[in-house]
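Beneath this line is the structure, given in structure tokens, with notes to follow.
In this document, chain identifiers A, B, C, D and E correspond to the written order of the chains, with residue numbering beginning at 1 in each.
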């Protein structure tokens, strides 16, 4: 089945109030690859997974590694939790924009009823000179009710302070597992739409995986679609509407695949990528090298004005 | 058994404070079919069901489709969540009234203990120039206690700002399933009364389904009634008292049936309809056509002054 | 066993601050039968049971019926939820005092862990010109902790605004079922005391039922008492101390029994009755007739000054 | 095993801010037996157990009985809930100090996860002219987390208003049952320390019971101690540190035992007793008589300055 | 496997605002061993374990014992709950700095879903002249969501008042038990990172235990590491980044081992120790003696500037 691209992607920036617009402008044009793209560096694995993600590149355990990388390799922004924002960001203030991630959790308990509670506030972000706020929404979790109430507070504070809102929109939880799990086109597509409807300015999505066994469990018409991964990600970007989309990298994958999916997301109308382990699980010079290639892929594949 | 129509439906408008009255006047007389009727366009399926509802008409995936339809086909108002209200409504402000839906949820977890939490506030609605606020109440859910507390806040804020309150009054939850489920006359009738008693200015009801097997499970005297669907909907409208009633369409149905039930609700003393998928799951010109027919049915069947 | 009447019932009014005193004076002397009695009309069955209670007298489905009855038959006050108070009371303001019932629930879920949450506030009552506030307390429910916290807020607001507090004191919940259930002398007696200790000005009690099978399950010494229903209700009134007691009617019963228990409650030192279905499940003229008889019973059996 | 008395009990009063000191001075020196002792009259059985406690002496059902007793027999203070404080205390204001008990619950549900929620506030106590506030802490309950948060608010309000804090420190809950239950030396000792560490000025303790079967289940070294009840209570008083200790009476016991344990607590460094049923479950003159004997025991056994 | 020390430990003090810096300066240089080290005395066992910890040295049951010890043996600070801070600290104000521990719980219920709720606030700490605030975080507990929200409030108040934040970072709960339990390198390492990311200025860690059976249950790569305890603690200190690390003692252990692990933590870049029972479960002169040895070990092994 062909899913026709029906949307002329509408621009986000003209709809935004001045505070959001000024701050997003920094990320889209003044820092990073520019030309309206986003190359974001996430450093929240220490809380989400623990220090185990740092073993492949021991240097990455020291937050200085990522902060320096973000500044020197020319990122649009880096995203971290409050502790690092307070203790490491001061030395890099002005050199690279900060996205304060305001919620988070360890992966020790099961994620059957996942909820990521807020350990910081939008006011913290304003105080620290951040240019955006990050929030993880677990779409479809049995505790979605609490999640949406919590997000409301963050969204309203973002409106109040003119702070752009980046939503890590992750399908999750036991109910979703019975409908094909968190990686299906159905799940990512729903997550994209949810984030937009809840007020995200930027949506972080995972790459949908086409897996017939899992897709069979999804609701109609997803259970009968015959789409490529490329078509799927394009549909997800459309579902996010005016919200900008950045693609998540997840655990480390092959370089060619990484660059390929970078092009996919841009050609689908996305705005960029947010790759963490795929970058900083490399030694310094290798990290700089892959960043250069990612930049090239981003800039060479832009199809949309933010 | 005949259920006699006992109520001379009393008017709502004279009981309302000036803010509510001014705003409702826009919906009832200045926009839409007018003459005191309501033709509302809901665009909350993206959060309630996910993007799957947009597949029958791919164009409908872009919120612009529904916003444009609401404005050009002449709706009384459109109803959507905060994200779309912030990013799409600005271009249509003044062209069609906005009902900000302040709660919502995905349909991924079971609705055994349904609760739809608030992702926006009445203050958001005021800020965005909305003319009403929408709230989904799950009547009879095991979590009804939380629901009613949450609704209290919304209702009080509506009183404070003179904002009309539209209650999506849906019977729901495991306890109700044991009493015939959410579609019986008993369930819809209870939902109508609850909404009125909780302070709704407008109540959105689903069409009751007459099903002897399910009706047997309902409490007396509902388990022994012999009523037609037409009689049932009339009784439900009466149960809503002074609150205005709009009928929900649900998933797409046959055109004749749609128009027939539109007449039913009007002849029963209702004020209009709120049809979503039945309208925008059609290509543009077909959508305009059915809207014209709905309008005609509405205006031709008015029996009550709002 | 004889339970001696040990209390000279102390007066309530002299202990009250001026706001409560002024408002209660209206109910006790200026409206209704007067002479310090209370004849209250409850209209909360629509939320507590649904519209099914209106079938025996279809006219009663329209709230106008009860509002008009309360005003024309000369009630001390009527009690209803916020929705009806806002949409129907305005026409009767000044004609009959209003008790705003601030909590309520449907009877669809089980009452094993009953809790009736607040859908309105004392400030709503002040705004609407009410002369008292009503609150349902489920004595002994597993969720009693939440109930008492909620009641604290209502009680404190009543203290703040000089608003009399009427407590519907109902024994309820799974733990009580194992101790004889909600209708025993033990249960009603406990409920009477609880309401008084929690700050009720007026307590609404159900008539205790003497049932040896159930009484055996109650704690000592209740499991060994040999008392009449008349003695039991007298003891319950004593347990309420200075708080005034009104007797609830429940579902419709025989007229003679209704009048007899009206005398019982007054002779026991109670202040009146709160009968709903027993009155408005009758056609208009019959309703007026039974009201006249109830008044007569009340005034003829007064034994206490409020 | 001998548990040596290691503490020179330090004085409490010099550590207190002026408001607490002034109010406690009334209880310790101006009312009651004086000389730094405490003889408190609790009247919270009506909520904690229901009216059943009043049957042995029907006169006690009328709160006047206890209020009059507290004033005429010369108590240091009486402790009751908000309802009685509002409706009965006014007549005795100035005649006997008031301890407003701010939390409470019925004993109808199981106490496996006991929590006593607040039905009144410290501000209520200030408004009513109380000289202290009472709070029941269920030490070791599975809901201890909520309990401690709730107590924090009460303690902070006491600090803010200079209001002495009396903690009814009761070991309770299913987890404790597996460790010997609520009456062991282990449990009472823990409760004494908890109350002190949480900020109690006065701790109400139950008398520990020495029961080898239960003590075996307690943690080391309690499971191997060989102590007398007298030694146990002395150790508990020490565990309360600078906080004053009053001993609870519980259900009615033999007079000699009552007076003996009164001496025990005083010789152990306690400050007095809080006996309810052991006093007011007696006819008036008998009650006065036992009070006189208790006073004598208190004053004859003082070993500590408050 | 060798885990290379990759971090030049960055200094904490230069990143801190003036209030935190002034207060920490007192602990690091003006009191205790000085030279940027921390020797802290915890006195929270009375609430965490009950009085049983005081039996080995009965004198320790009187809080005066530890307060005097902290002042006379020259500690950097002592840490206790609100009750002792209010009733015992006044006599030692100025003589030894206070860390107010703001949360705590008994160990009576299971710690499967551990959460330590706040019984005091940062404002209490400010009022009492404390130089830091202590908070127990149960890393990985099923209730981590509540924990992190609670910690947010404490952290924000610390930011507001310039109060240093000490996090007792303890892996805990049923989910962790399935991954090797609370003493593994994996668990302690995660806890160290979590505390830093959540904004701790000082992290209290337990000594990791190398146990192949348990390590096998931990996630990769921890399940395959072959590290010594010394290497493990060094890695944990690195995971805490700029946050200072103090090592916890736990129950009493052998003196040589105690001093050895004191050197371990300092050589690993830690800042000191927080030993309670290992010190005050000794008679006065013995306690002074071990303190002297601990000081010597601390000062002789410093490798990092705070």
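The rule we apply is simple: a residue touches a chain if its C-beta (ideal position, glycine included) is under 8 Å from a C-beta of that chain, and two chains touch if they have at least 3 such contacts.
Because the structure is predicted, anything quoted here is derived from the model rather than measured.
For the pair subunit B and subunit D, the CA-based superposition corresponds to a rotation of 145 degrees in steps of 5. Distance from the subunit A centre to the subunit B centre is 35 Å, each centre being the mean of its Cα atoms. Computed centre separation for the pair subunit A/subunit D is 57 angstrom, with centres defined by C-alpha atoms. Not a single residue in subunit E touches at least two other chains.
Chain contacts in this assembly form a single closed ring in which each chain touches exactly two others. Across the complex, subunit C is touched by residues 44, 46-47, 50-52, 55, 58-59, 61-64, 80-84, 86-88, 90, 104-106, 108-110, 115-121, 124 of subunit D. The residues of subunit A lying in touch with subunit B in their complex are 3-4, 6-7, 10, 12, 15, 139-142, 144-146, 148-149, 151-152, 155-156, 159, 171, 173, 175-176, 179, 186, 189-190, 192-200, 219-222, 235, 238-239, 241-243.
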